[in-house]
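First chain written, first letter: the chains are A, B and C, and each begins at residue 1.
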Amino acid sequence: MKSKITKGKDNLITYGIVLISYVIAQILISAGQMSYLLQGLLVPICVSVILAVSLNLTVGILGELSLGHAGFMCLGAYFGAIFTHCMKDIITFSPLRFFLALLIGAVVAGFFGFLIGMPVLRLRGDYLAIVTLAFGEIIKNVANALYLGIDRNGLHISLKDSLSLNLEEDGTVIIKGAQGIISTPRDANFTIGVILILITLFIIMNLVKSRDGRAIMAIRDNRIAAESIGINITKYKLMAFSLSAALAGIAGVLYSHNISSLVATTNTFGYNMSILILVYVVLGGIGNIRGSIIAAAILTLLPEVLRFLDEQRMLIYAIVLIAMMLFRWSPQIIAWREQHSLKNLLQKFKKTTSKKEVR
Amino acid sequence: MMSFLNHLIRGISLGSVYAIIALGYTMVYGIAKMLNFAHGDVIMVGSFAIYWGVSMQGLPPVLAILLSIVLCTVMGITIEFIAYRPLRQSASSLVVLITAIGVSYFLQNLALLIFGANTKTFTSMIPLETLRFAGGDISISGEAIVTMLCCLIIMTGLTLFIRKTKPGQAMLAVSEDKGAAQLMGINVNGTISLTFAIGSGLAAIAGLLLCSAYPALTPYTGSMPGIKAFVAAVFGGIGSIPGALIGGVVLGIIETLGKAYISSQMADVIVFIVLIIVLLVKPTGLLGRKLQEKV
Amino acid sequence: MALLEVTNLSISFGGLRAVEDFSVSIEKGQLYGLIGPNGAGKTTVFNLLTGVYKPDEGLIHLEGKNITNLRTIDINKEGIARTFQNIRLFKNLTVLDNVKAGLHNRYHYSAIEGILRLPRFHKTEKIMNEKAYELLKVFELEGEADYLAANLPYGKQRKLEIARALATGPRLLLLDEPAAGMNPNETKELMDTIRFVRKEFDMTILLIEHDMKLVAGICEELTVLNFGKILTSGETSEVLNDSRVITAYLGE
């Protein structure tokens, strides 16, 4: 956001980083050099990357704060998984089934983004943060309380227990309240994950460099000026926000089709997860897409590598969050940084040496 | 009918706690123009301080309460000084908000690290018997009486403080126009510190009252009441002290009645739906003033 | 018919009459000045004309069409563009993109066409680039097209704001203290630019100014505001010699 101007070449580098990482991972796997633990992290990394990049659309490009990104992910995860369970025996070709699940997850999450954004995006930014936080908690709570079953008569829903679903004998329970959804077919894999990352990047990076992206960033930089040149504020805020939600939904579908037991806790879909995604974005640089990718990948790997820091990890994230903000935006610290920057030190060094030469 | 009255009383009592918390939001929002996301977590810290003093160290309750108030006050000033003040001049509201979230997250996880995730049972600090009327059909717990009394005293005290004292007038001036207040010789930074100190001290009292009535204490105890109190502040009109009282009480009643008559799981959902409706219909809240951006 | 016809415009804020009974009639092609001491309500008039505030009373007509209660973006679409007293650029966009943002409503393609990079995207972007460069050349900014707007020197930022406003294709251009903060040299250069814009784009301009030299140099007619009310209006030389105007500015 500071002073770099992204050119077409920049996008290629971003795609390149993703592709090269993919190739390296594949080589390591086929050479038997990657542990099972690490292999198990490949899809979660893809999920984190998509979440981070999509949240960056809201925070960095639109300039609004969402604290319910995990809620949109949760919607995608649950709706995608429900669809797959219902269609298990009808669509047996898993790539097609997964594609449709992705579509449903994206549409549902995007629709909810639209619904939430409509009243709130017209107000001051702080309100969006609170409302999205509330929304995320509601989604998580409802997901925890929900029982859903299917039989020949269709879907049955209850907020009490699985018995009150009144299923016929052939029926199966899909969502078991707080136990969530178990044994969703594992339709997701690393390759699909990387393809989805590339699609996400394609959408966001092309959007940013188009007429609509310009309008979105104009609103971020100066809402009043944007209005004065005829840009429809609500329309573009809603566009960016719903798109960001839809992409989080895709990440959710990817997530739910990669684990055997899907549950909604604060660490999977609640406040903690939303904050974690925000940490990816802040650490990678607000508005910096490539930074988001790298930060998300590293921070997903790190906990596994640094097992011994497990308890302190979230505390460290909190400190990182505060420190990053102060480091980038506090005038005093910026001034100090400029005085002590490498360039400046080098110049001082040059000056002192050249003085010596004159003598 | 009798049970309705009982629920209503419980609602007003819960709402009084929200009102005290909402004061902290509303004052800071009015004066520093920022949403202090960590305010709810200060409540949790205050409650843990009392828990630590009474249940772990065996201190007399009064001493523990005083300790908690002092700790929260100092913490409020420190948070403002370290995390918010450096960003006040230049940063966008997005940056300040993310920092505040960082502080909130920090406090939660620090408490998690020190006290663990297990729920602690908070012993009520209020030694008052439950009052019964109408042959025992209507009962008001000692906690409820003290809570409502505290809330009234605090509201009156704060209103008098702002109207009648010099620092109170300085607060009003800073909330109107920081630059002009500075030119009039008001210590703006000091006034903002004072605001944080008062808000955080009140948070300690709110924590005491909240945990006496609902004795389950975890590192996340403060975050939900914090958010609801913010809803209350928005509902009453952010920046307005009577607004915080009205918003808090209305919200407490809605929540308690929702829990009693609709569903305990949906009570929170109802509270947030109220927030969205308020924002749709009257974004400035019941008693709030319209903030016009200068063009 | 006058291009802009404003009749009896009034607005008050919390009991304070910020603008009272303001009327003005501006012909096509005119360069009209709105002057007055600080706090006289000049910028409020601009905010009323552009729909930022809704007037309590009064009517605004643009070429006969009533635009009084339209939203800001619709007023821009009707043909009024403005600049701001405290420059409001899109600081983190490039100079070129600032102007292209101004072209937003004149060249269209859908978001899908943009994301998928369909032919219409390439075609439209090419035209937008050409148009934007044309405007940048007028203001001698083409060399800085790829700079971030925030990195431009002050004088050029003012020019870029005018370029962005012109990009929306207005019939009436409102300039809010364009010379504020400029040195005499820059001011002179700006006067030339304003004259050039008027000729080149056949533009009608209403400008707010403090700098009397600039006003006397380029405006044909003036309206003087004082305490929200019109003190006097008419031809520039007459207005500037009016004793009431001198009193309002210099005090008694």
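Convention: a contact is a pair of C-beta atoms (placed from the backbone, for glycine too) under 8 Å apart; a residue touches a chain by one contact, two chains touch by 3 or more.
Please read all numbers here as calculations on a predicted model, not as lab measurements.
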| item | value |
| --- | --- |
| Chain closest to the middle, measuring from C-alpha centroids that were averaged per chain | A |
| Greatest separation from chain C - chain, by CA centre | B |
| Chain A and chain C, separation of their C-alpha mean positions in angstrom | 41 |
| Cα-centroid distance, chain B relative to chain C, in whole angstrom | 46 |
| Centre-of-Cα separation between chain B and chain A, whole angstrom | 31 |
| Overlap residues in chain C, where contacts from two or more other chains coincide | 52, 84 |
| Junction residues of chain A, two or more chains touched | 224 |
| Chain B: positions in contact with at least two other chains | 295 |
| Interface residues, chain B side, partner chain A - complex | 35, 37, 83, 86-87, 89-95, 97-99, 101-103, 105-106, 108-110, 112-113, 223-224, 227, 230-231, 234, 263, 265, 268-269, 272, 275-276, 279-280, 283, 293, 295 |
| Chain C residues within the chain A interface of the complex | 50, 52, 72-74, 76-77, 81-82, 84, 88-94, 97, 100-102, 104-105, 107-109, 111, 114-117, 121, 124-125, 128, 146, 148, 150-151, 164-165, 167-168 |
| Interface residues, chain A side, partner chain B - complex | 59, 63-65, 67, 119-120, 123-127, 129-131, 133-135, 137-138, 141-142, 145, 159, 224, 271, 275, 278, 282, 286, 311-312, 314-315, 317-319, 321-322, 325-326, 328-333 |
| Chain A to chain C touching residues, read off their complex | 1, 3, 5, 202-203, 206-207, 210-215, 217-218, 220-222, 224-233, 239, 287 |
